[in-house]
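Every chain is named by a letter (A, B, C and D) in the order it is written, and numbering of its residues begins at 1.
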């Protein structure tokens, strides 16, 4: 059994890791930590876990000491030191935060305001979006697990990008996320009566996931891409829908687009390209690691419209992190993740 | 008192008209009709009205006979005959359906499948989006009340369009609507457990509101416009958010955009251009005739992002219809509509 | 115009008062105050009010100085001093908090922990549940506006109590409230993802509204009553449903119960005794001052089951406070409150 | 592997069975049937299953032929014939419908309107609430799987009943259920806009689960029990909370009650008696087979208040059916059901 440590276990992504590892046949939670709840049981924080997982939160050092792999679900800026500690102890490190996601230190500084503390470690780290970069991930020890918006937006666009079917200028990623994406801390905007029955954009064209989406699309296309990314907040617990728009190149047909999507993802278990006529819906992937994609063509305006739905806490966080763990430990990528999403 | 007749009173838009006219100081509901519920009280259909409005549904002829103005909230195709009947009886007619919205019969045929039964009547009718076409509406007798998406999308874009600040090619209207927009009839997709906690696009780039949005933007810009319109279904009762994207012309700044919006709407009571830093939210205009607009600029990509929030049942249907009634009867446009939206 | 002052205007009950007074034909908001937001506009706190009510929060002294009547929506313990100040200035005082609700100082001390600072003032104050105590309210200057649970539970039971149709021992008030009842302050339990899709009881048989419900039922019945009161938290914004249970006296029939309810409330505009076969639903009274009541009889077990639905923010707080204002100023009780509840 | 057949697989309980058996290590879905969708894939009905389970619905005969055990999720009245067919083919039969739940044919006739077609089969059948009747279930072939309300209400009361701590007269079961309990068929009352933000009782004191709750409590207590059962409809997808009230016998203390609950359920994996101070919440057991119970004592009124929360689709339907399957096939009762409920 792989011994899993979780640092930041009482945040939403951390607690989802605890749950998912709990039903993983080849891994077990060895230790958890939390700054805010050190000494408390995780089931004190999440009563749905009571009697099933009453592990006590320790500190990060204990977690590193007891683990083969450490997952970190921390605010940005706090992972770099922990990654170094893991490396020293020969422990794999999977970061659900942002510290290792951007390759360019300048971009990191511009969007997050810090610097790369250990450049060699950054060199060594790899961006863990398996559907695109699986081969790079194998055998690595420091994985930057992508963010939620930054998983579904590129998944929605990749086949068109890779096959050169769309213009790389003017791409729009219009996304909507469930509230868990905003974290566990109660804030006015996510207080039930003020969010319920509401819907609004936020951080329009200035959200930190922008450069990360651009980095992935640039790697896939081979050219420097700028996207317009506008996130919205949905009154649901889980799920992100990315509705992406791009100009289709002269002469490209719906059939071309459709074939590109079906071919590109034909061996990807976790990506479900939906049949013509269906639209991706966050309702259908909740609690699962699947990404549902629907491909549409606005022939009148010459636009590709591609929708991708993921569970922001699973494929957008904890599930993808486990998918990465499976890869680096040589397991079948689906291990512990091949459940059927509930119908309601 | 203006005697108001409502044909199709038991649909969502019809029953909202009953409620709003109920608190209008210069109008009163004189008669209502419903094909499905003829002979029944409206409070049998909507128990929230019990003892306050127990009017019995009659047939459309009775309604015409008893009214100074008839509002029709009918499936498309059924209004043309009723409009003619109203004209014959010298009764004003405000159509909440689609029959008179499109100026081009060809487009009507293409998107709705019927023809213009009485061309003179169509000539005479006017498109009732007061913020743009107020002067045309005054003194008219047949008003085509705009659809919900087709109210908020052009409101989001007009100041940029009219002032020539954006390219008219490549405009995207990404919209999300509450479920009342889909009508009162129970269908599988809007059955509570299948919609709740879900979010998805539908009728991608093929929704019937597309030519209507294009018609308005074309009138405002003076050139033929094609837009990509993608509606989504939100798990909330009321509200539409339109998030619209357009390429900003070379040299145009955020300040130019902002000034254009503030100037264009400075005398419009029902349009609230929000201060910089705020985002339009459907939470803030529920049950009211207001349209909240926020203007954003993606400087990196050269895109305008404009968000507009309306209540699809009020500014997107019944409220705007009353605004039109106020205009054609020479009342202050705000009469019966100047409430403060509830804070939650 | 009655000049209305609102102390604690930025809490949920306070801001609802601002909205409702805003459409009252005989009253206007003269001044508002808030400890947390002094110097800020109320529309900074509630953006739905933007441009429509941008009043700035002052302090309580200013509010008293400018008003004919002061509504106080404050945490318990803070109203007594303000009430004295109002009295000194000859200003009517309507308290939405708990300070004046309990007649017995001992009970107040037991459940709230404080004392009666000014006993004469307490003597003078009256409990403002108009349907029961209208005659006492007339001409008074200090009104204790009832709590939300304590409005709907007695309304559900009164006709059976007053007519001696039920045993006064063993009464159960099983209630469920929307989240606004818990206030505006973000707390973990009302953080969207932790409340959404949940339902639970809280403060079982130890909620502070217990002695207040008992006090009203005791006054109505003439004997000392003890009730079992269990509140629950509903994932909705507004509304309380009280489902009340009592043993029916030997020989009493459903027809007796029904007649008692219909007779007792026959002249009460705000109480709607529903026809047989219907069940009170919070959906049908939202945003209104109505209380819908359905009467049921479990013949097999000899139990009355009475359901009462109110909007906790209107009949359970701000609306009832205005109803009380109307009474003490000699206006028609319905003034500003006779709207039709929206159908959805 | 146990070959599982599911008759009525496209209803909510049926499709939940498909999902849960899908992750059961000792069973597999061998065949499914549906009258409404014969010839269609289950993933056409529930798109969350697409590509993961695309089984085609056959007819019931095929299902019986291919299975070791048949689960039937059918409207009442349709199971008896199928059960006989299974018996003839030596196939175990687990009925999620009501046909075999009531021991008394008179009660069945009174509440459901039919008769017992095959009395011997009814004799042979056993009521499958494992926590109470585990020993009776072992080795049986026809299992009547309890209803949802009828699982959680007796679970909430059993320890007090069995230990004689409460009066058996005057018991109240006040329950609230998520919407999936009302089935998949779209009806007006469960149309999203009419249920959302609502809450109401229904079938007050006349719901068909009443005699079933009484039957279980009577068996546990040894005396004939009548209960007042009032169900409510909650605007959530899943979950039932039963809040049960009973008069505590003279001299019984909270400690007595608490000890009774802890002792009675100490070996029950699926029942979690919560620590003092916590309240059972449907939020904490979603998607799982757990029943969370909180025990409260209203000392002032001498009432036990016991809350029990289950997922109506799992412990209240499909999960409990699998628990029964595990028992009759000699597996560990937890097999396939020992997941941690998600925290949100």
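Going forward, contacts are C-beta pairs under 8 Å (C-beta built on N, C-alpha and C of every residue); 3 or more make two chains touch, one makes a residue touch a chain.
Note that this is a predicted model, so its numbers are computed, not measured.
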item: Labels of chains that are neighbours to chain A and to chain B; value: C, D
item: Taking each chain's C-alpha mean as its centre, the one farthest from chain B; value: D
item: Pair of chains joined by more contacts [C-beta pairs], C-D or B-C; value: C-D
item: Distance between the centres, which are taken as Cα means, of chain C and chain B, whole angstrom; value: 37
item: Separation of mean Cα positions, chain C and chain A [Å, integer]; value: 46
item: Distance from chain D to chain C - Cα centre to Cα centre, in angstrom; value: 38
item: Multi-chain contact sites of chain D, meaning residues that touch two or more partners; value: 12, 180, 193, 195-197, 235-238, 281, 283-284, 286, 344
item: Complex interface listing, chain A residues touching chain B; value: 170, 172, 174, 176, 193-195, 197-202, 204-205, 210, 226-228, 230, 232, 234-239, 241, 243, 245, 247, 279-284, 286, 294, 296-301, 303, 305, 307, 309, 344
item: Touching residues (chain side chain C, partner chain B) in the complex; value: 12, 15-16, 18-19, 22-23, 46-53, 180, 197, 237-238, 272, 274, 278, 281, 283-287, 292, 339-344
item: Interfacial residue positions of chain C with respect to chain A in the complex; value: 12, 178-180, 184-188, 190-193, 195-197, 235-237
